[in-house]
Amino acid sequence: MDFRITEDQEALRRGMRDLLTARFGPEDLREAAAPPGPQTPPHGLDRGLWRELGKAGLFALRLPEDEGGAGAGLPEAVLVFEEAGRALLPGPLVATHLAAGTVPDAADGSRVVTALDLPQEPGAGEGPPAAAGTAPGGLVEHLDGADDVLVLGPARVRVLPPAALDADPLSSVDPLTPLHRLRARPGTGLGEGGQWRPGARRLRREAALLTAALQLGSAGRTVELAVEHARSRRQFGRPIGSFQAVQHLCAGMLVRSETARSVVYAAAVSEDEAETAAAALRADEAAVRNARDCLQVFGGMGFTWEAEVHLHLKRAWLRAEQWMTAVTAEEELAHALQRDT
Amino acid sequence: MRLDRTPQQEEFRCTLRAWLTEALPTLPPKPAPSDWPARRAYDMHWQRMLYDAGYAGLHWPADAGGQGATPTQHLIFLEETERAGAPYVGAGFVGLLHAGPTIAAEGTPEQRRRWLPPILRGDEVWCQGFSEPDAGSDLASLRTRAVRDGDSYVVTGTKVWTSHAEVADWCELLVRTDPEAPRHAGLTWLALPMDAPGITVRPLRTLAGTAEFAEVFLDDVRVPVANRLGAENDGWRVTMVTLAYERGTAFAGEVVACRRVLHDLARAARRNGRWDDPVLRRRLGRLNGEFTALWRLVQWNVSHAEHAGRTGGSSVPGAGASVFKLAYSGARQELYDTAAEVLGPEGALDSCHEWTAARLSSLSYTIAAGTSQIQRNILAERVLGLPKGR
Amino acid sequence: MDFRITEDQEALRRGMRDLLTARFGPEDLREAAAPPGPQTPPHGLDRGLWRELGKAGLFALRLPEDEGGAGAGLPEAVLVFEEAGRALLPGPLVATHLAAGTVPDAADGSRVVTALDLPQEPGAGEGPPAAAGTAPGGLVEHLDGADDVLVLGPARVRVLPPAALDADPLSSVDPLTPLHRLRARPGTGLGEGGQWRPGARRLRREAALLTAALQLGSAGRTVELAVEHARSRRQFGRPIGSFQAVQHLCAGMLVRSETARSVVYAAAVSEDEAETAAAALRADEAAVRNARDCLQVFGGMGFTWEAEVHLHLKRAWLRAEQWMTAVTAEEELAHALQRDT
Amino acid sequence: MRLDRTPQQEEFRCTLRAWLTEALPTLPPKPAPSDWPARRAYDMHWQRMLYDAGYAGLHWPADAGGQGATPTQHLIFLEETERAGAPYVGAGFVGLLHAGPTIAAEGTPEQRRRWLPPILRGDEVWCQGFSEPDAGSDLASLRTRAVRDGDSYVVTGTKVWTSHAEVADWCELLVRTDPEAPRHAGLTWLALPMDAPGITVRPLRTLAGTAEFAEVFLDDVRVPVANRLGAENDGWRVTMVTLAYERGTAFAGEVVACRRVLHDLARAARRNGRWDDPVLRRRLGRLNGEFTALWRLVQWNVSHAEHAGRTGGSSVPGAGASVFKLAYSGARQELYDTAAEVLGPEGALDSCHEWTAARLSSLSYTIAAGTSQIQRNILAERVLGLPKGR
């Protein structure tokens, strides 16, 4: 057992951080998020950046070397996704990464792939997918900006063009993640043809884990933001970070991000179902609650649109609803208590 | 311990309710949230209707042009207007709830004549220039300077978190007139006409995407000495006099509104089937218990404020106000987090949904008007008598 | 509306406080609780004190004056029960108070009455009461020390001698509240005869409210204890109450007790079902969580048996399971959201 | 990032497991919790078995008589012994985990020869005399005085929260030798023989009703100067050297035990039907996620401690230890609160039920060995680099 980040992994992580610092730093994030408001349509994806991410291996990372990948594993993917989460990089990163072996040109960042999580796989000729309605699977991010949609049924998976989805845009709470809602209308064609392939279960688990890595990155970043602010902001003649009330908020944030980190990394190594559920649960909670506590530390200063903090909270809300939600994770973890001893 | 209303209180409620039934349908349509001049016009129209019906300045003393109503009557007013779906005080907030009462308490007869009637009639809008970028929780550290020059003060500095600054006629301004004096001792209260040269207003977008606040930049703005309330360097006391004029009714209307939202949440949950999830249902039940308690706490605080008013005291004890604010701000955030559960992702991630917008704005409740951390300090040191922290 | 304690009510409350200070102060409490341990049988009730309580009107308070009572209402009862909770007075206070009009000599404290809360009223000749098993109703406090048992079915009520209950003692977590557990055995005779009378619903609501008043008293007392300790205990050269971490624990305790107070008093006035549920919920939470926070403020000093704090926590746990539990209260309050608007 | 075991680690585990399978059935029956001499005898018997099998002082350096095992091996040891239901370290706690390593690090050859072997063999029991009634979180304010008199120190004062004092042979004692020096500078570490005249031990009952701790009154107790570890007035450093010798394995066995309790809770809930309540079931699921994370955090901390040990560092970073202790103490309390829900009132209110007893003792976890408040201070100031509070 040596549960530490190796030097190679650290180099990979640092490479991604350097790339993102140069190409999508806090200033870029703020600029991308402005102008705001429900009236303004959210920005499209930066295709140039997407290709750079592809070149840096964000999507191809786990492909075999003879397919242009790095032959890396989930732990490496988790580390680079953590960096993406830290920078609050927008886009269907998880879906494109998962599609890299399936969709031509996804691996190098030439194509953007989003995903649809279907709780029920429609049989050929059947009615609408059950996703439409109230299930989280009814939402698709970046549909307008994507070239393909990876559709995950409970067991099988297929790829569709975005136009095949009958969906309405909604005004996403996250200004950098446009959302579409599937319409409940028959004959959308999702179930037609024979292009369904197996492997959805593994992909869904990996999607949950990589989303947890994004959340972990955000949770760690909001600790940094809170600490920076608490060090520099002065009230009552001293830095607010010298007040125990603020110190203890920050300490609680650190506890959340560090416990989440241990289980997110471990799930990447173990690839265990229940451990992935634990990773999703802890990382979602760390991201959401850290962003809220960070807002509290910032006080009025964090309540403006220009501050980075609210973007973390909104993205954290959104990611928490993607793939494995808290209810599913808790039930899975309860179920696991009966299984093994 | 009586929770029933006196005959006078019941009559007040009936008359008000009858008037609301007649008056509300005559209101013009609600303006767009981003159209500030239209919002001002709408809010002032409503204020004028209240004025004409004899409800303006309900809680103001009669000698200031108000109705001299008791806190209980004020509570009934807030309850009834909220239940009837009447407009909120809106652009009239600072004038009616803060600047006005301050002027009524501390102004000269001339100042009262000049400023109070237009507030009550809905003719003039006030905003508040207290907080600064570096003076938030620590208001007394504010640095906006006012230098006496003949019959004027020349004011330079930056104010922030100023609501309605774009459409205000006046700003109640707290400035530093003596930089040498101890923090609280060198401040002065001025009425700043918002059309004076040297004022720049920059709207601030909040995290909810709306422009609720503004920064106000003051560059050698001349304010007549006659616009000063109280003595020079006595501004801290002047301001605190009114902040202490709390009758327990702050947020009372909002608690009524939250309780209505809870019923709406239960209805929505039954419609979309989420009511059958005991985790969510019990969470709603728990919230119902919390808001029931908060509503009773409002009545408790108001009754004590009313008694204190009758017997010469002037304020609800600090305990009541801080306990309520701490509990309410947390409960409101929990309410809209629960609303997100009821809605499910499709609603909770839709920023156009009113509950999602309310969820975002609820985030300010543990920050604005004294953070929860400051409220806990107040309870610990002023109410529980714990030794002062260092 | 004048939602304040009247002068008469204040005098009543003060009378009860003075009596309890003299007859059951902190020293008496500590002495009553020692010696401890699961091996030692809990103390019996102090019959002399019980009669004094009766003389002071704790049980007869709400009886008409021509029946030897004070003709007072629930608000007055709530105030004196709050004092009893503050002193952590042991005994089946609620049951004896509720039985005062029914059981001869209960009103003046000559007889001690405990209660059994039956979720299901057994029909004559039927099997064992459903209380036995896992329901909270299966527990009876002070059975050995009581002269009578007030049995509450869902709608009807009757009085039985303690010997009629087939029950085993258990080692109560609260050293001052011995408990018996009903045995699930047929033929206990609880349903026999025709002595069932109506009125259980009102009694059950009043029991929940008076229990909430006891909890409120305990919650208020632990605020006092924590504040006293935080003022006098010094570490790092100053009172621990000058640390924000301790200050904010105490402030949170005050918020809990004061919000609970408003709704407990209001439910006494309104006699509303849902409001009583809110009172029970808030008061139980205030008592339990305040006792725990008080323990935290006391640190190691509160962890000894001699300290009063743990007795509050244990009693709060016990009271939280009596009459209206959190599940029932939350479901009742959820139900109420559908009812009225 | 590797979670699998090396062949050597796997072999260590297999050998240990095989030994445990044979050894455990030979243990005498467990003594009653209140019979301290019997508990000492039982714990020392087990320690002697470990010694004979070559597992005593597993994590001690080889030159101190230990096995020089890596932190990972120590973790495997804790995991396996817990899984097999082996006894805890019990009365050997202070000797094996604190006093022993301190003596190994700071003692003279003679001191090491005198005190270390009896600890490893289970011949002598140590207790700890650090805390005092007025020196808890603020240990450096301790006031027990030691005055040099010839070849002895004469010690007077009161120690508290001393486990196993009734059955200990030695006490590692922290005393003040220079009352004039700054708080941390005037302290000295002494080995106190518990049979010295002038010692009175008074057992303390905890809120759980058991006598886990004692007060130790010292009245002119003579301790030979030869029993001093390190220099006079250097006791703070001597003590901290060992406290910093944390390899991330503290509470590791308990986490394994908690995870087993979680499975037991699920089984009990299925048996009594409460499993069908989604509120409770999801709470159990959430706890499973929390303890899964905590177990991985243990492995993370141990791996980093092991690496630090290999590369000349000596300690798991403070972040790891404080993060873990904060999260674990809260999770353990939540675990036994949930156990009360699973049991229902009849079990939760029965102090004889092991989960109810564990619920009571769990209350000390946010207090003992550094309160949660102190841990948060450490994280804020030492790990996050926030400015020191005042």
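Going by the order they are written in, the chains are A, B, C and D; count residues from 1 in each one.
Here, a residue touches a chain if its C-beta (ideal position, glycine included) is under 8 Å from a C-beta of that chain, and two chains touch if they have at least 3 such contacts.
None of the values given here were measured: they were computed from a predicted structure.
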Statement: Looking at Cα centroids only, farthest away from chain B lies chain D
Task: Name the chain pair with more contacting C-beta pairs, choosing from B-C and C-D.
output: B-C
Message: On a C-alpha centroid basis, what's the spacing between chain A and chain D, in Å?
response: 40
Query: So, what's the distance in Å between the C-alpha centres of chain C and chain A?
result: 50
- prompt: Taking each residue of chain A in turn, which ones touch at least two of the other chains?
  reply: 243-246, 248, 327
- prompt: What are the residue numbers in chain B that touch two or more other chains?
  reply: 279, 282, 373, 376-377, 389-390
Query: Okay, in this complex, where on chain D does chain A touch?
result: 1-6, 9, 72, 75, 260, 262-263, 265-267, 270, 281-286, 288-290, 292-294, 296-297, 299-300, 302-304, 306-307, 319-320, 323, 326-327, 373, 375-377, 379-381, 383-390
- prompt: Residues of chain C touching chain D in their complex?
  reply: 36-39, 134-136, 138-139, 170-175, 179, 181, 234-237, 243-246, 292, 295-296, 299-307, 309-310, 313, 317-318, 321, 327
Query: Taking the complex as given, what residues does chain A use to touch chain C?
result: 243-245, 248
Statement: The answer for chain D against chain B in the complex is residues 277-279, 282, 390
Query: Where on chain C does chain B make contact in their complex?
result: 1-6, 9, 75, 223, 227, 230-231, 238-239, 241-244, 246-248, 250-252, 254-255, 258-263, 265-266, 268-270, 274-275, 277-279, 281-282, 327, 329-338, 341
